[in-house]
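Here is the structure we will look at.
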Amino acid sequence: MRVIGVYPPIATPFTDAGALDTAALADNIERWNETGLHGYVVAGSNGESPHLEDEEVAEAVRVARRAANGTQLVIAGTGRQSTAATIGLTRACADAGADVALVMNPSFFPAELTADALARHYEAVAEASPIPILVYNVPKFTHLNIPVPVVARVAQHPNIVGIKDSAGDIGQIIDLLRACPRDFSILLGNAPAFLSGLQVGAVGGVLALANVAPRECVAIYDLLREGSADEATAIQFRLMPVGRAVTAGYGVPGLKAALDLLGYRGGAPRPPLLPLDPARREALRGILVEAGLLV
Amino acid sequence: MRVIGVYPPIATPFTDAGALDTAALADNIERWNETGLHGYVVAGSNGESPHLEDEEVAEAVRVARRAANGTQLVIAGTGRQSTAATIGLTRACADAGADVALVMNPSFFPAELTADALARHYEAVAEASPIPILVYNVPKFTHLNIPVPVVARVAQHPNIVGIKDSAGDIGQIIDLLRACPRDFSILLGNAPAFLSGLQVGAVGGVLALANVAPRECVAIYDLLREGSADEATAIQFRLMPVGRAVTAGYGVPGLKAALDLLGYRGGAPRPPLLPLDPARREALRGILVEAGLLV
Amino acid sequence: MRVIGVYPPIATPFTDAGALDTAALADNIERWNETGLHGYVVAGSNGESPHLEDEEVAEAVRVARRAANGTQLVIAGTGRQSTAATIGLTRACADAGADVALVMNPSFFPAELTADALARHYEAVAEASPIPILVYNVPKFTHLNIPVPVVARVAQHPNIVGIKDSAGDIGQIIDLLRACPRDFSILLGNAPAFLSGLQVGAVGGVLALANVAPRECVAIYDLLREGSADEATAIQFRLMPVGRAVTAGYGVPGLKAALDLLGYRGGAPRPPLLPLDPARREALRGILVEAGLLV
Amino acid sequence: MRVIGVYPPIATPFTDAGALDTAALADNIERWNETGLHGYVVAGSNGESPHLEDEEVAEAVRVARRAANGTQLVIAGTGRQSTAATIGLTRACADAGADVALVMNPSFFPAELTADALARHYEAVAEASPIPILVYNVPKFTHLNIPVPVVARVAQHPNIVGIKDSAGDIGQIIDLLRACPRDFSILLGNAPAFLSGLQVGAVGGVLALANVAPRECVAIYDLLREGSADEATAIQFRLMPVGRAVTAGYGVPGLKAALDLLGYRGGAPRPPLLPLDPARREALRGILVEAGLLV
């Protein structure tokens, strides 16, 4: 299996009572199905993974697998802090129909998470997993950057097939491309670096931005493959403020508010996250209008 | 209820198969019972809380409550990333016999964890909890320092009775003392600042060091109350390298190795943490000998 | 020579044309002479040292030496980025009458400033200096914390007589006291940690706060030596917001504005620093009134 | 004037006595003149600018101007901490023959260096400078990232003609391109992001790597302009370990050691920097050989 293309780490809708809203989730996916996305990441960090119970993650995977097209991959975010809990959730998601697991690294005890400890963790998860594993590096949330040699080591494992790197450091993307086997999938996890990452050899992206601008993200990917770099660059430039807004700028509450504004079902995040306040919601609306995503 | 005195955030022993070792846990507590400790923190960060399932935390609380003296408090670490999960674990620990809950703040989405979001989280947990709440501030692990005004706000809630502050910043301890009601318990969470914190008005400590030097930590506390600052200071100085070693220096693997060396039951940490390697174990032994804790 | 007691790192007044205002500087010192201060630090970081030319530093030292009492020490901030420039400025200040040099560590190339490089730097400066050297550790500005073993190494040099440690970490103060010779002067560089630092054995402080509350800082020092810890603690608590304001809160512009409000000659900082805006000046006035420093 | 192309921030050679070695400097430039470089940056951070006296900077500029080809630009690093000192050095370098000044931002008092303070600083320098100004953003050394809106503001000044951005963040490069006038020169200051920066619209680079691989850096630039992205990418990939080594990996001592190995005149850095130790020098030699720069 080769993981390539564009995947949104989808928002997780909740009911007014705060439970997983499976109907809203299916609705969103059916709408995204028309946009050319190559699949979905369920329960990534933008899906409020740390605020979801294991059963909820598995249920969301089940719903997504049912709602997605047959050609689309369903990728489940299964990283937990302990190796055992990560294995448990990975297996549960495989049972629920996930094609691939995206495994954020443990991060709570940074001083002890040496290169060897990180590599052993990924190798143990890969050994125990019935489905292929993607490494997930996201220093913004984990406060730890997985060293390139660790990725190169675990890339040797037959069940570890790629990495989502959200560090946003184009030099590190090149270092990963140099260090890993050619069939190891390097995916961008950060919209601002998406175009450049593809230009140097990455094969796709897992982008919060693809929740709200799926067609445009797919277009960047397709245009570059067709050799139309100028058109791809123009789209990348136009989307920059949206990419900034739905991650660093306004966080998960902003991502969900943007979905609401665009007719998807976003809704409120789970506490302790608070919904976006009205003033910021208006600012966000302006950014979407400016980028041509909303009229 | 007033939380005062010295509490170790106890290590969590595991069986060879990796399960919670309730017998070893009870053994350790029975031995600590002889040392004058005012109670125990179960499933704190030094107890590998992020690597424990909720059921394991509750079970450890049950064991600790049974093994502890009747006058000792059993404090359960119940902070999870979502408000709902934190409430769930807090209630489970209350049912299991915990006297108090120590609630590490959520930290995954730092930009959205504004002062208001943090305060609402603690207030919601306090509302729902049958037992009193201690705030737990530990920037080393959460990468977020709870602002003093947030603590001052939640200190107004009748069910929030104190804070364990592990920031190690004596100025912040003074700011907390100035900002909070007199009966709000300020507890040091950091051995190097323990003596000084008590000197300015804190009422106790939750110290990894108290796992391995319980009598000495209690002696610092008692001597200061008796007005023997010089003797307390001498002990504080003597213990410095041990305090450094069992937290920053060697982490949880070091804490458990030190317990093994001292005849307690430490054992291996849960993966992804790795046991202390032999060379560092020897260095640690030297530190314990030098401090007079081991012959 | 033993450096003990309370020293303000004095603000550097400028004329309207932006030149060193020697008359204002002398006026300030004459007024401070009545307050019990043990001396002055000229051209410390609060004196805008990085914005002063070498000739200005030497001239300020000359003025301060002339205006100070004979029993007071004049300490010159002489740290520059290169070892040669540091030696040059140290010698110039010695010629100008400085009793001691306070040497901030070089910091521009942090990765190359290894323990050995830092120690050699201090040893070279001490060798070449006609006056004794104080190490100056201020991670807030240098983004580098001088490791305790480096201080312990250079403390062996006969011409290195102490350290101003502004890290604000009481544990590090204890580590320094444990690692350095008894006659090596440990001075606090951070008002919030001043009382606690003295309580564990430090012998004084170089405090921005002592610019605006010299009598109170001296009182904390004197009261602790007389065994009146409670009174000293009360003053420390009362001054906390002022200590926060004149450093972290409002920076050098705030320090100078506070001096203006108190009748000293503060004036505008040197660009790129901007004067405190009126709203913050009013907030600062409130803090001074609240602390009883202004009516 | 439009600053485009490839510029090495050249190392500053010293004599055995530690003085500026003007003959070695001229020798290096004469050799670099054969490589297609578009000019030189004298007294950049890789030129040990913080360890150079103003007179030395001006003298180095004079030497470089004399040794360089008439078509090459000589760019002087003139940023000092105070606005006045920066103006002074900028004027001195203009007098010495510099075509452009590269102005690192002040950074000592980060909290007070607000957007407005930074913009005013650059505008004041630009007003006073007889030669055009390039902004220099290098968070690795300044611990401060100049916000994009500040750059956009100062880009309106007719005497501020571009920026060297060493943050290495491709998203920020795109943001700068979106925010600044089309004739404002965006130059990469970081070798790993060089290719990608050019691909999105930057017009050149100021690269430590161009000291040791000038022809290759120029080739990346030329090949991209000719539409040969694949060949440019191949060179970028091949040079990655060298780019890492001569900056982050081994610092200025490594840059100078690499120059020595390649037959240029590097020599020892100025203390407190220490020369590269023999083991690291051998590792560096291996990296140069591996990249095909040394046989």
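Going in written order, the chains are labelled A, B, C and D, and every chain counts its residues from 1.
As a working rule, a residue touches a chain if its C-beta (ideal position, glycine included) is under 8 Å from a C-beta of that chain, and two chains touch if they have at least 3 such contacts.
Everything quoted here is computed from the prediction, not taken from an experiment.
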Touch-network distance, chain B to chain D, counted in steps: 2
Copy-to-copy rotation for chain A and chain D - C-alpha atoms, rounded to a multiple of 5°: 180
Greatest separation from chain B - chain, by CA centre: D
Chain copies touching (chain C, chain D) - same or different residues, decided at half shared: same
Separation of chain B from chain C, taking each centre as the mean of its C-alpha atoms, in whole Å: 36
Gap in Å, rounded to a whole number, between the CA centres of chain C and chain A: 50
Numbers and ranges of chain D residues touching at least 2 other chains: none
For the chain D and chain C complex, residues of the former touching the latter: 18, 45, 50-53, 81-85, 106, 108-109, 111-114, 116-118, 120-121, 124, 141, 143, 248, 251-253, 270-274
Residue ranges of chain A touching chain D (in the complex, touch as defined): 168-172, 174-175, 177-178, 190-193, 195-196, 199-201, 229, 233, 236-237, 240, 243-244
